[in-house]
Every structure is written in C-alpha cells, then in structure tokens.
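Structures are listed in the sections that come next.
In what follows, subunit A forms one complex with subunit B and a second complex with subunit C.
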Partner chain A sequence: MRKGSKVSSNIIMTLVTVWLLIPLLATIIYSLFEDWTGIIPHGFTLANYQKIFTDTAFLTSMYQTLLVCVIPIVITILVVLLGLFVVTVYFPKLEKYMQILCMIPYTIQGVILSVSILILYAKGDTVLSGRMTMLIGAYCIIILPHIYNGIRNGMRAINMNMLLEAAEMLGESKLKAFFKVIVPNILTGITVSSLLAVGLLFGDYVIIRNLSSSNVNNMQKFLYQAMKRSSAEASAVFVVIMLITFAITAIVLTLQSRSTLEKIRNGGK
Partner chain B sequence: MEHKKVKLMTSRNTRYYYLLALLPFVFLVVMYELLPLIMLVIDSFGLDKKPEVRFSLENYQKIFSTLSYQRAIENSLKITLISTVVGIVIAFLGARAAYTSRGKFRSVFLTVLNMTSNFAGVPLAFAYMIILGNAGVIKQIANMYGIGFIQNFDLYTSNGLTMMYIYFQIPLSTLLLIPAFNGIRQEWNEANMLLGGTNTHFWMHVGIPVLLPSLFSTLSVLFANALCAYATAYALLMNNFSLLPVNISASFVGDIKTKPKLGAALSVVMMLIMCVVILINNFITKKTTKWESR
Partner chain C sequence: MAYIHFEKINKIFGTNHVLKDIDLDVEKGQLVTLLGPSGCGKSTLLRCLAGLEQVTDGHIYLDGQEITDVVPRRRGIGMVFQQYSLFPNMNVRDNVAYGLKLKKLPKAEINQKVEQMLDIVGLSEKISQYPAQLSGGQQQRVALARAMVTAPKVLLLDEPLSAIDALLRKNLQIEIRRIQQQLGITTIFVTHDQDEAMVMSDMIHLFHEGKIEQSGTPEQIYTRPATKFAATFIGNYNLPTAADFNRAFHTDIPGQDVAVRPEIVTLTKQAPKAEDGLLVAEGTITSHISHGNLIRFAVEFEGGLTLNADVVYENKLDFGEGDRVFAAMKKDLVIGL
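Here is the complex of A and B:
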C-alpha cells in the first residue's frame, strides 16, 4: 500500500476510535469524582460504587438479570439441539422451514415481539399469563436466531452423519450418540452463541419494561431509575454494566480466535 | 447393501417417533412467535372503542390521516435513514482503513469496535447526557471557551437522537463490513495500477462493485437496528418524542389510556416497512451478485 493511504487509514481509525471512546471514558471518569465542572475533575472518590454495592435493590437487580439471562438460554439451547438433531438426521426436508422460523425474530425484534405477546397472554389467568412466563418466552424467541446459527454452524463444521453412523455401529443409539459425541464437539460454538445471547439479553430494556412487573428489574431498568434519581449513582451503575458487557465480549473473542487457531492447526495436518 | 436396506426400513418406521423430540421447538415457536404475531395482525383490524367489531380498517385510516402518527412514521424514517447512511459511510471508510493497514492502530481499532458493539440503549443515552446534556461535561468546557456550535447543541431533540443512533450504528456496521473487504484481492489493485488506474478508479470500478452485496445487506441490518431501537430514544426523551417504537409501546403500557388495537396496527405498519426493506435488499442482492456466477 502507498504511504499516503496508510497515513489516512490511521487518521480515520484514530478519529473513529476517539469518537467511540469519548462518551465511555467521560462517564467512567465522572463516576470516580465528586465534582466535574471545569476541565479537570476534582475529588477522587469511590463513594458511588460503595453506595450501589450496599444497595439491596441494585444487588437484587444483578441477581435477577442473571436469572432472566440464563433460564431462556438453557431452554433455547436444549430445544434447538433436539430440534436440529431430529431435522438434520431424520427429516432433512424440514430444515428449510426450521431455518425460516428461527430467522423471523431478526425482523420483528423487541418492541413488536413484546407487545404481541402482551396481546395474546396478558388477559388470561393461566400460567402462560404470568409475567415471568411471558418474559422468558419472549427472551427465548429473541435469542433464537443466534443460538440456531451457532449450533447449525457447529454441526456443519463437523461431519455429523459419519460420526453418528460410527457411534451407531459401536452400539449406541443415535440420540445418545448425538449428546455424547456431537454435542461435545460443537461445544465451543454453543458457548460462543450463548454468550452472544447473554450480551443481547443483558442489554435488553424494552422487553423487560413491557412484559415484567415492577418488582422484576434487570440492570438496565435499574440504571434507568437511577438516572432519574442521581447521575452520580447512575454513573457507577453504568460502569458496572459496561464492565460486564466488555467481559462477555472479551470471552467471546478469545473463544472465537482459539477455535479459528484450532481449525488452522487441524487444516495444516 | 442388503444390510443397509433392512436398516433403512426399520429406521423409517421408527423415525417418526423422533418427531416427538421436535415438539419442544414447535411449542416454543408456535406459542411465542407465530401465535402472538397472528394475534397482532388480527387485533390491528379490531377497534379499541368497539370490541364487537372484528374487521375494520379504521386504525389504518387513522394512522395515515392523523398528524401525530404521520409524524411518528416520518421521524422514525428520517432518523433511521440518516443514521443508516452516515453509519455505512463511516463504516466503509473505517473498514477500508482496517483492511489497508496492519499493526497497533488496527488492533486497537478492532478492540474498541468490539467493545462498543453492545453499547446502546439506556447506557448510551445516559453517557450522552453526561457529556452533552444541559450540564454535560463537554457542554461546560464549550461554555468556558465559547465554542458556539457545541453551546447551541441541544441533545434533547431529533438531532441529539440522530447523533446517538449514528454512534451505535458505527461499530456494528464496521464489524459487518470488515470481512467483506477481505474478499478484495490485492492482485486486482496491482492490475489496476499496472493499467494506469488511480486509487479512486480502483474503488469506483472494482472495490465498491465487489462490495455492493455486503454493503446492501449491512444497510438492511442497520435499518432494522435503528427502526426498532426503543431504549435509546425512551431513556433520553421518554414519550415526548414521536417515534414508531415509542408510540407502539406507549399504546400498550403506560400511564395514559392504552390503545392496544391501534398499537397493533402501528406494529403492522412497522413490520411492513421492514418487509419492504428486506424485499428491496433481496432484489438488489440478486442483481449485484450476478457477476459471481458468470
């Protein structure tokens, strides 16, 4: 590449990086100081963090976030694994339809999904109309495309039918072999896609706002309420949320790069 | 051969048992995806004030003749289109920069993109209030030095909202475009230079045409991302700014009297907009990928 284009590339990347980092860094600094009215903030303090970590409401919201993230992901993974097993091994013709059904949530997204679930269930009085049931149902659907893609791609990367046949010859039933042989082989793919799903659910505000009752709060809802009370406290909540988000992203990236490395190594053999 | 045939026969008889394992998936999809959507469409033809009416187009007529709903559609389309176009231009420049360079700058850039790719919604709105809100950090610095355009910038308007939408479009779109750039081969650029072409020639006649399918599919992802975004706008302006997702949510959940049937019709309008974009995208993808099969 020519020198001029290299310089301009670096300028563009620096500008975008700075632009993306400003709101983030500014809020982090804001959370660590008592007063920021001039150029330089004054009075370093950890009081904001102390305050939120001694606040039971905040700790409850953390716990509830974890709960409403993990349950839908476990359900969706199991359901998609079973479904994909049956469809790819026994009914390949249905694969197309399964894919379409799994991709629909991409286009409807949070707002429409949550209100349509409200229409269907809010008035009833069965277990289906429970706020928690509606929320978990909606979350399962919203992460469906990611979980489906992760598992599907994992299955494509290994020679599933051959492995299953081999296991069958050794006297295992196909279903058992699927969970004993195939699932461990695509575990990285499943982990990556469920972490992506965690990221998605962790950032959700609209679905939980529309579907859950006021005593179920995730961290986003907590941040929204804290914002109305005090921006100092909210800035600490913000930093905790961002740290968790970064941690999730970092794990995804390491897992992905490790699995590509493995692929390259295996390919080289 | 014989052995295989026998096995196939037995497995054909037993394979229908395996359909049972498909039931949980079918249950989940029917109960929480298909039925709700069907109910939404049916409900959009009902009327909030007259529950006995089953089929009427009044909601739709109202949406397209009432100023406030027209404004919601207009605002949504405007902010979505601006943030999508600006987002794709910056993403194009950014992804090209990442494609042409190696080393530290690139890896820092990629890390920041990945880190900020989930930065949207309530946290984003909050961070912008901290820096550009009425008592925001950057606002105060601008006041001290008299930097007019920042002093006069009002975050709590459609301009502020557009700025935040552009922000969350950039990491997503750049990360989506970077793999597409890897499809451009170095030899093509060399061939272009040997034939006396400039860098601009190369991008206008080779680079962008090759990237077109990816550009358009990224565009449709960005469009959906912005059109359906709710939390960013709500956290900044609550229900005071007319946007399709905000209006839809407000007609189901809220302090004012809810209008679920009208909200259902608004949702259908929003889904139709999405469908049009997807159809256009499919059409263009078909046209622009023709050269590949040639």
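Here is the complex of A and C:
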C-alpha cells in the first residue's frame, strides 16, 4: 500500500513537472528552429542567439540587470542585519515595530510604488531624484520583506543573545561577535532570501519602465522590445533569462550544500 | 579586601526587586557555590559580576579594582552558561581558540594551549568536530575549556551541568573540582542541587528570595542550618514545632521550630541506657521508605509528633509497621530555630 502511494505520488510529481516545463520547452524549441508551423519543427538554427549576443543593447541590458539586482540586495541585507542587531541587542522592545515596518512593502504594488516615488522625488534636484537612485531605492523596498524574513528566521533558529554574550565574555565586542558568530550561522537564511530577491528583481518590468530613463534597460525591458520585433528572438531572450536564473539558483545551492558537506566531512574524520 | 567583593548589591527589573542588599566575599582560589531555589536571583548576581547585567545599586570589586561599570570583555572573567553556548559554525578547536585569537597570541602557542586544555577536559580526539556532533556533556566540557583556556581571573559557572544525566553529572562535578584545584582558578558555581554544592564547594552561600540566607562551609551548612528555610532546603531535616518536640521528649529546646536530621535518630527495641544529654521517647513505627542504602522509618510519638529516622540497611528490616520503638538522639545535635 505504501509502495502504491509512492508510485502514484511519483506519477503526480512527474505530471506536474512536465506541465510546468512544457511552455519552457516549447519556447526553447521555438527559439532554435526556423519554422515550427507543422508538428515537427525544422530548420535548426542558432541565428536567434547569435543575433542577441551580438547586440550590444542586449549585453548592456544583461549587465545592467545584474547591477540593479545585486546592489539593492547587498544594501538591503546590510541594513537589515545591522537593524536587527541593534534592535535585538539594545532595543528588544522595538522589534515588533521593525517587523511591521519591514512587512509593509508586501502590500505595495509596483505601479503605486513607482508612481509615488516619481511624484515625491522626481522634481527635486538632490541625489535622491537621480533615476538610478530611485530605481535602486524602489528595489530595496520591494525585496525588504523577503530579506527581513530570511534573516529573522535564521536568527530565531539560534540563541543569538547567548552566543553574543559568550563571545563577549571571551573578549569580543558585540558588533564584531555579530559578524563572526551570528552571521555565519544565518548564512543559509541570507542566501535563500537573496535568491528570492533575485527572482523578484529579474522579473520586474513595471518599476524599471516607470522609474528608469531610457538608457537603463533590464532584460525584461529588452524582452519587451524584442517581442515587438520578432517572436523567435524574444524566445531566445526568454531562454537566456531562464538559464541565468537557473544558473544563479544552482550556484547558490551548490555553495550551500558544499559548505554543509565540508563541515560534516571535516567533523567525521 | 577579599578577591571578589560585592557591596550592597541591588538589582531591580521593573518592579521585581531581585537582589536585595547582597554583601558577599570570595577568596582567591576558592570554589564558591551560590545555592538556592529557582528564581531566587543566583544567575542575576553572576551576570552582574560578569557585566552582562547592570546593577541598580552597589559596587563590585575584583582583585582590588572596582569593576561595577567596566564592560564585560575587559573584566577578565570567563563564563560557562546554563544552556549550550558553543559557536555552531566553528569546530571544537576554533571554539576553544576563540578567546586566545582575540588576545593575538602566536599561532603555535594558541594550538599548544588549546590542545593542552582539551587534554585536561578529556576531549582531545574531538578537536575537529562541530558542536552539533557532540553530546551535551561533551559540549559543556568544551565550553569549560573555552572559558578556562584564556586563564581568566574568575570562572563563572551557571548551572553548567543541569542538562546532563545523573551519572555523567557526578563525574563532571569531580572533574570540574579537580581542574579548578589544579589550575587554582577562583570559581563561582551556581546550582539548585544541594548535593552538587556539597561535593564541590569550599564555601556555600545559600540564597533565598534575593538575599543570602546563610554562608558557610558545606559541613556547617549541612549540620547547622541557621534558619527554617535553610533546614528545609538542605538535607532531609525533620522540622516539628518546638512545643510538640519538647512535650514528646520532655526537654526544653528554645525557639519556634526544631530541626532534627533523620540520621541522628537511633531506633532500638529496648530502652537505651539513660545518659546525660540523651533524649529518648517511645513511639510507633507508622511507615518505612527504602532509599537503597538506608531505610527511612516514620515514628509517631505521643501528642501527634512524627519524626523520620534513617537506619543503614544491612540485610534485613529491623522493624515493621506498628512496632513499638525507642527513639534516641543527642540533645546537642538538635537545633532550635
């Protein structure tokens, strides 16, 4: 009976996976063939890929996507880490307010956020009204709840105050102890939430369209423009975006599992 | 001035007055125990000494220097916590070396000290394991090594053995005492287990509701409890009212209550020979409980007084329920409270 239910659950899993992968597969095939009007596609070609990879606009958009992804993530992680450190160690009573504050962005939609930011800052002449600053700021806001949750959950899993006190008794300052003793233990939480954040920011079209000037392009924006030109080319762009997302996920996951594996292996000998 | 000197320490959390005018001295090289029931403020006093908690009022001196407002990391105090507090991301070697690295010692010296200390706590072969791979007792021994390897002026142990099973716990008590004496580290040990306090300490300070109820050597505390609370907490004292006791034994112990240790009461079937200072009364055995090496008989006397008496168990029960027996004890061992 158990075996039977295992088989059926495997079947369901496979079906679901196939269901999810079909659009992706179709897109890949579509981007690799000249003609797919019959059942069997024919005329294998890499021309679509050649075209986009020789297009400087595409390469720039790739580079800019990375930039506008990585910078907000790094900033947000640092801010949340320091904020949580100060709150947990010195002002534990403020913790619930910090939580509320960090959760608010969940309820804000991209259009509203970008429009409000434009209204508020675009007219000014300060550094805040720079297009890039506004974009990065908006991205920080969007990913804040995810980063906050990841780090907060990681901290809950360890007895942070006691570990800090233990380090303090050994002669360490609290802040240094935080980075040497607490952060390594919540690295998993941080990487997982960064992953989520990468996914979110990679998929953004609304905010970047509203906030960035025409010279800042992310891949979604490029994809949108490509769609107007040729659907085969757009498919190729789409496949590249997917592959990059997969690659980032794979890298982070292997990094994670390798570090745990290493720990166990070292300990075992 | 003593090596560690607490002066009129008060600690108030909100409306909770946890430490009340504590005066306490600890001599250099001694192992001193803070003993008391849960919630009486033992950890709080320890944390005040460590600097992890600010005193509301009072002064703390260590080695002739006032340290009341010194930050924890500059006090030169090592601590082992009640819960496991090893750094999970570091192996045993790195955990123990943590404090030495902060002192910027040469690497070779750090390694040598770490290995030496792990040898003392008997965990040399675990040096590259991670805390999650160690048992609770092993983790606490690593924590002990980590605290001691920097040669702190004072070592604070806050119920380090409370999460460890009975047998290992007994071994570790003896181990800690041995290491403490070998290294001559002034140590304050917190526990709510009286046996543990008896086994380990040079001095015991009995805590009760934020005050020190009684201080003394283990023997003094055990044989001469000064208050009713002390007698309730330590040993297995009988605590009848003085009136009941005096009536049954035809004597005149002063005070409200009388404290009688069960092991000073001897039971015989024949009346013992009358002696100066020997209190004797006849009673009836009402029950007995086996404690393994001894049997505790409950004896009821005229006027409703009941006393427990311990008899070492050899190979048979000397008395049964309902037997008439004579209970005798030396008057100068009976304590009036």
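Throughout what follows, the second predicted complex is superposed on the first by the 227 of 269 C-alpha atoms of A that agree within 3 Å, B and C clash if a C-alpha of one lies under 4 Å from a C-alpha of the other, contacts with A are read in each partner's own complex, and residues count from 1 in each chain.
In this section, a residue touches a chain if its C-beta (ideal position, glycine included) is under 8 Å from a C-beta of that chain, and two chains touch if they have at least 3 such contacts.
A quick note: this is a predicted structure, and the numbers were derived from the prediction, not measured.
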Touch test for A:23: subunit B only (first), subunit C only (second), both, or neither? first
Touch check for A:74: first (subunit B), second (subunit C), both, or neither? neither
So in the superposed three-chain picture, is A:47 touching just subunit B, just subunit C, both, or none of them (first/second/both/neither)? neither
Using the touch definition from the top, say if A:59 reaches subunit B (first), subunit C (second), both or neither. neither
Under the stated touch criterion, which partner chain does A:103 make contact with: subunit B (first), subunit C (second), both, or neither? neither
Subunit B or subunit C: which reaches more residues on subunit A? B
Quick one: in the complex, what on subunit B touches subunit A? 15, 18-19, 21-22, 24-26, 28-29, 31-37, 39-40, 43, 90, 93-94, 96-98, 100-101, 105-106, 108-109, 112-124, 126-131, 137-138, 140-141, 144, 167, 170-171, 174, 199, 224, 228, 230-231, 234-235, 245, 248-249, 252-253, 260, 263-264, 267, 270-271, 274-275, 278
What residues on subunit A touch subunit C, complex-wise? 158-159, 162-163, 165-173, 181, 184-185, 263-264, 266-267, 269
State the interface residues of subunit C toward subunit A in the complex, per the touch definition above. 50, 52, 72-73, 77-79, 81, 83, 85-89, 91, 98-99, 102-103, 128-130, 133, 143, 146-147, 150
Interface with subunit B, subunit A side, in the complex: residues 1-2, 5-6, 8-10, 12-14, 16-17, 19-24, 26-27, 30, 36-39, 75-76, 78-80, 82-83, 85-87, 89-91, 94, 98, 101, 104-120, 128, 137-138, 140-141, 144, 175, 199, 202-203, 205-206, 209-210, 220, 223-224, 227, 231, 234-235, 238, 241-242, 245-246, 248-249, 253
